[in-house]
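Heads up, the next two complexes both have chain A, just with different partners, chain B and then chain C.
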Partner chain A sequence: MGLGAVGAAIGEGYTAAQANLAVSRNSDISGDIFKNMLVGQAVAESASIFALVIAILLLFLDVPGVSYLKAAALFGAGICMGFGAIGSGIGSGFPGGQTCTGISRQPAVSSRLTTNMLIGSAVCQTPAIFSMVVALILMFMDFGQAPLQPTWAALVGAGLSTGLAAIGSGYGGGLAAGASCEGVARQPETTGQVTTTMLVGQAVAQTPSIFGLLVSFILLFRSFPESSSLAAAMALLAAGISTGFGGIGPGIGNGMAAEGGVRWVSRNVEKAGELMRIMLVGQAVSQSTAIYAMVVSLVLIFVV
Partner chain B sequence: MGELGRIHQLVFPLFGHTAAINLEVVVMTWIVMAALIVFGYLSARKRDILPRPIQVVGELFVGQLYGLTEDALDKEGARTYGPLIVALFLFLLFSNWLGIIPHLEEPTKDLNTPLSLGLMGFAIAHYAGIRSKGFKAYASEYFAPIFFMMPLNVIGELAKIVSISFRLFGNIMGGSIIILVVSYLTYNLVLPPFLYAFFGLFVGTIQAFVFTMLTVVYISVQVK
Partner chain C sequence: MAIEGADIIKAAAFLGAGLSMGLGAIGPGVGEGMVAAKACEAIGKNPNEAGLLTRTMLVGQAVSESTGIYSLVIALLLLFVV
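Up next, the complex of A and B:
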């Protein structure tokens, strides 16, 4: 929850700062800008609301027969949601901020800008939704029969994998959404193309968090043989950490590629097809590090 | 707690292929297909210069999606792959919207549905690539920068299937789990209709669109 609040606070701060900038530029429509800022902040906050729900559940859930395994699962759930909310919180601040600036620039298209912002920041929430799913599974699944020794590491690793990988994807998706709101304000007649490019770019930027989700699911649903050696447990923990940290960089990087693609589609809409292809190739290459991290995790899970 | 206990049963069919759960998914898929056939029949039954409302809706879908396919591929490609793309989008859209009707569930909530659609898109994209470039040019792309990059290129291609199908599955299943938990926490008061509107209608539409666009883009990357 604490970690989740950090992200949402940064995102909302960014929105508010951009709103101030916008009001000072075009103070006649400050009411519109203020309204839009509140809507944008509400969406940015939803990531931290997810974290709040998980935190409340963690506090008030009465777990029958407390075992170390359940404790590990709850710990993993908390970490997962906390980290997962950071990226989405910051990310969905960007479209909010850019929309405020855009409204001050082009008040006529404010409704179109708001729609675009809502689509963009809703897609930004996807990594946070993934981490919430993993957190809920961790909290409510029954791990009763599983042997304690390697399984605790698998559970914490599952939380780390999705939680950390969601940071990059949430942030990256936000960059793309911000650029698209800027683009709509610049050239309102390109809205359709810009939104399509944004959605494809964000979808690809989310791939690292999907890898994180996949590794989490494998860690959660595979039953591991009991072993007292530390190496087995550490391998599972490391598998989660590997995909988690490995996903941060590609998530942000893909977001930057998508940001560039979206920005230039709005400026030069005739070349939209070519720009999207170049964006995808760039994203595919920058994603390869996330794929390597996932391969390392799978080797750690299935071979070691 | 009893309500929440159902969560893992929503999740468990992932690995244990219990027939009961899959049967449900198959029935839901049939419902979607039946709805699509009815929709198609109604919109194309009395075609006219002055279209009736339902024909307008049908033409809107077909026209928009053909336009998007033409942007990514060209006119020739749009004629070949357009029907596939329109059918894929409408199927996903109806599937994702099915969950807002009580007692019905989204077929896309079971991993098998998005995974098979993802495999289908993958196979079509690679078949299109081989047909347009010839097998030699197609195969040499795997050795693209240097020859020892081959295994990584193959893994990268396979990762596309994983990412496209898990994106849809994760969003739809995540939405339904969140609706279930929040409904339980608020005793089904006030909030759930809004959540259904957001996760069912809004996110469902966006994810259907994203899945369709990515399939188009994968085909266009292979063809060109």
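Up next, the complex of A and C:
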């Protein structure tokens, strides 16, 4: 919850700062800007509301038959949602802020900007939703007969994998959405192409968190044979750490590439095809380290 | 649960492999993203040089990728050799 609140606070702060700048630039339409700021912040807030829900559930959950395994699962759920909300909170702040700036520059297109902002920030929320799904599974799944060793490590690893990987994807998706709101405001006639490029870029930026989700599901639903060795447990924990941390960088990097692509599609729309191609090639290369991290995780789970 | 010397070494090697690849992937991911963003900017400004710019982008990203590959090599060494 604490971690989750950090992201939402930064994201909302960014939106509010941009809104103030926007009001000072064009104070006649301050009502419009204010309304838009609140909508943008509400979306950024939702990530931390997910975190709050999970935290409250964790506090008041009635756990029948206290076991170490259940404790590990609840710990995993908490870190999963906490980390997962950071990126989405910050990321959703970018489109909100850019939309406020955009409305002050081009009040005529404010409805188109708000639509674009909502699409973009909704996509930014998906990594936080992935985290919430994993957190809820961790909280309510029955691990009855599973052996404590090494299942505890799989559960904590599942939380780390989705939670950490969601940071990068949420933040990266936000960069792309922010650039697209800026682009719509500058060149409203390119809206269609800008939104398409944004969605393609965000979809690619989302993949590291999908890798994280995949590894989490494998860790959650595969049953591991009982083993007394420490190495078996550490391999599963390390699998979560590898994909989780490994997803942060590519998620942000893909977002940066998408930001550049979207920004220049709006400025030079005749070359949209060429820009989309270079954006995808650049993202594919940036993605490679996330794939290495996933390969190491899968080796840790299935081979060693 | 009996923990022996060899078991601790194996456990530490696995944990180290995960940390190595996980943390090692952050830098190249962000760095390559920066390269791609600038390449989009440059092609947006000067589309006639798209071929040259794509080549430059890929060379730059390949260099930035190298530390990610070092991390992968270290992780695989920790997994299979130690």
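The rule we apply is simple: the second predicted complex is superposed on the first by the 304 of 304 C-alpha atoms of A that agree within 3 Å, B and C clash if a C-alpha of one lies under 4 Å from a C-alpha of the other, contacts with A are read in each partner's own complex, and residues count from 1 in each chain.
Convention: a contact is a pair of C-beta atoms (placed from the backbone, for glycine too) under 8 Å apart; a residue touches a chain by one contact, two chains touch by 3 or more.
Since the structure is predicted, the reported quantities are computational estimates derived from the model, not experimental observations.
After superposition onto chain A, partners chain B and chain C are found to sit side by side with no clash.
Once the two complexes are overlaid on the shared chain, A:Phe211 sits against chain B while remaining clear of chain C.
Once the two complexes are laid over each other on the shared chain, residue contacts for A:Val194 go to neither chain B nor chain C.
In the superposed model, the angle subtended at the C-alpha centre of chain A by the C-alpha centres of chain B and chain C comes to 100 degrees, rounded to the nearest 10.
In the superposed pair of complexes, A:Leu237 makes contact with chain C only, with no contact to chain B. Of the two partner chains, chain B is the only one touched by A:Val53; chain C is not. By the document's definition of touching, of the two partners only chain C reaches A:Met256; chain B does not. Looking at the shared chain after the overlay, A:Ser288 reaches both chain B and chain C. By the touch criterion stated above, A:Arg267 is placed in contact with chain C alone, chain B being left untouched.
By the touch criterion defined above, A:Val133 lies against chain B but remains apart from chain C after alignment on the C-alpha atoms of chain A.
More residues of chain A are in touch with C than with the other of chain B and chain C. Taking every C-alpha atom of chain B against every C-alpha atom of chain C, the smallest gap after superposition is 9 Å.
Annotation: chain A residues 281, 287-288, 292, 295 touch chain B in one complex and chain C in the other. Within the complex formed with chain B, the residues of chain A that make contact are 50, 53, 57, 119, 122-123, 126, 129-130, 132-133, 136-137, 140-142, 193, 196, 199-200, 203-204, 206-207, 210-211, 213-214, 217, 221, 272-273, 276-277, 280-281, 284, 287-288, 291-292, 294-295.
Listing the residues of chain A that touch chain C in their complex gives 149, 164, 168, 172, 208, 228-231, 233-235, 237-257, 259-261, 263-265, 267-268, 271, 274-275, 278-279, 281-283, 285-290, 292-293, 295-297, 299-300, 303-304. Chain B meets chain A in the complex at residues 4-5, 7-8, 11, 14-15, 68, 71-72, 152, 155-156, 159, 162-163, 166-167, 170-171, 173-175, 177-178, 181-182, 185, 198, 202-203, 206, 209-210, 213-214, 217, 220-221, 224. Those residues of chain C that touch chain A in the complex are listed here as 1-3, 7-8, 10-19, 21-41, 43-45, 47, 50, 53-54, 57-58, 61-62, 65, 68-69, 71-72, 75-76, 79-80.
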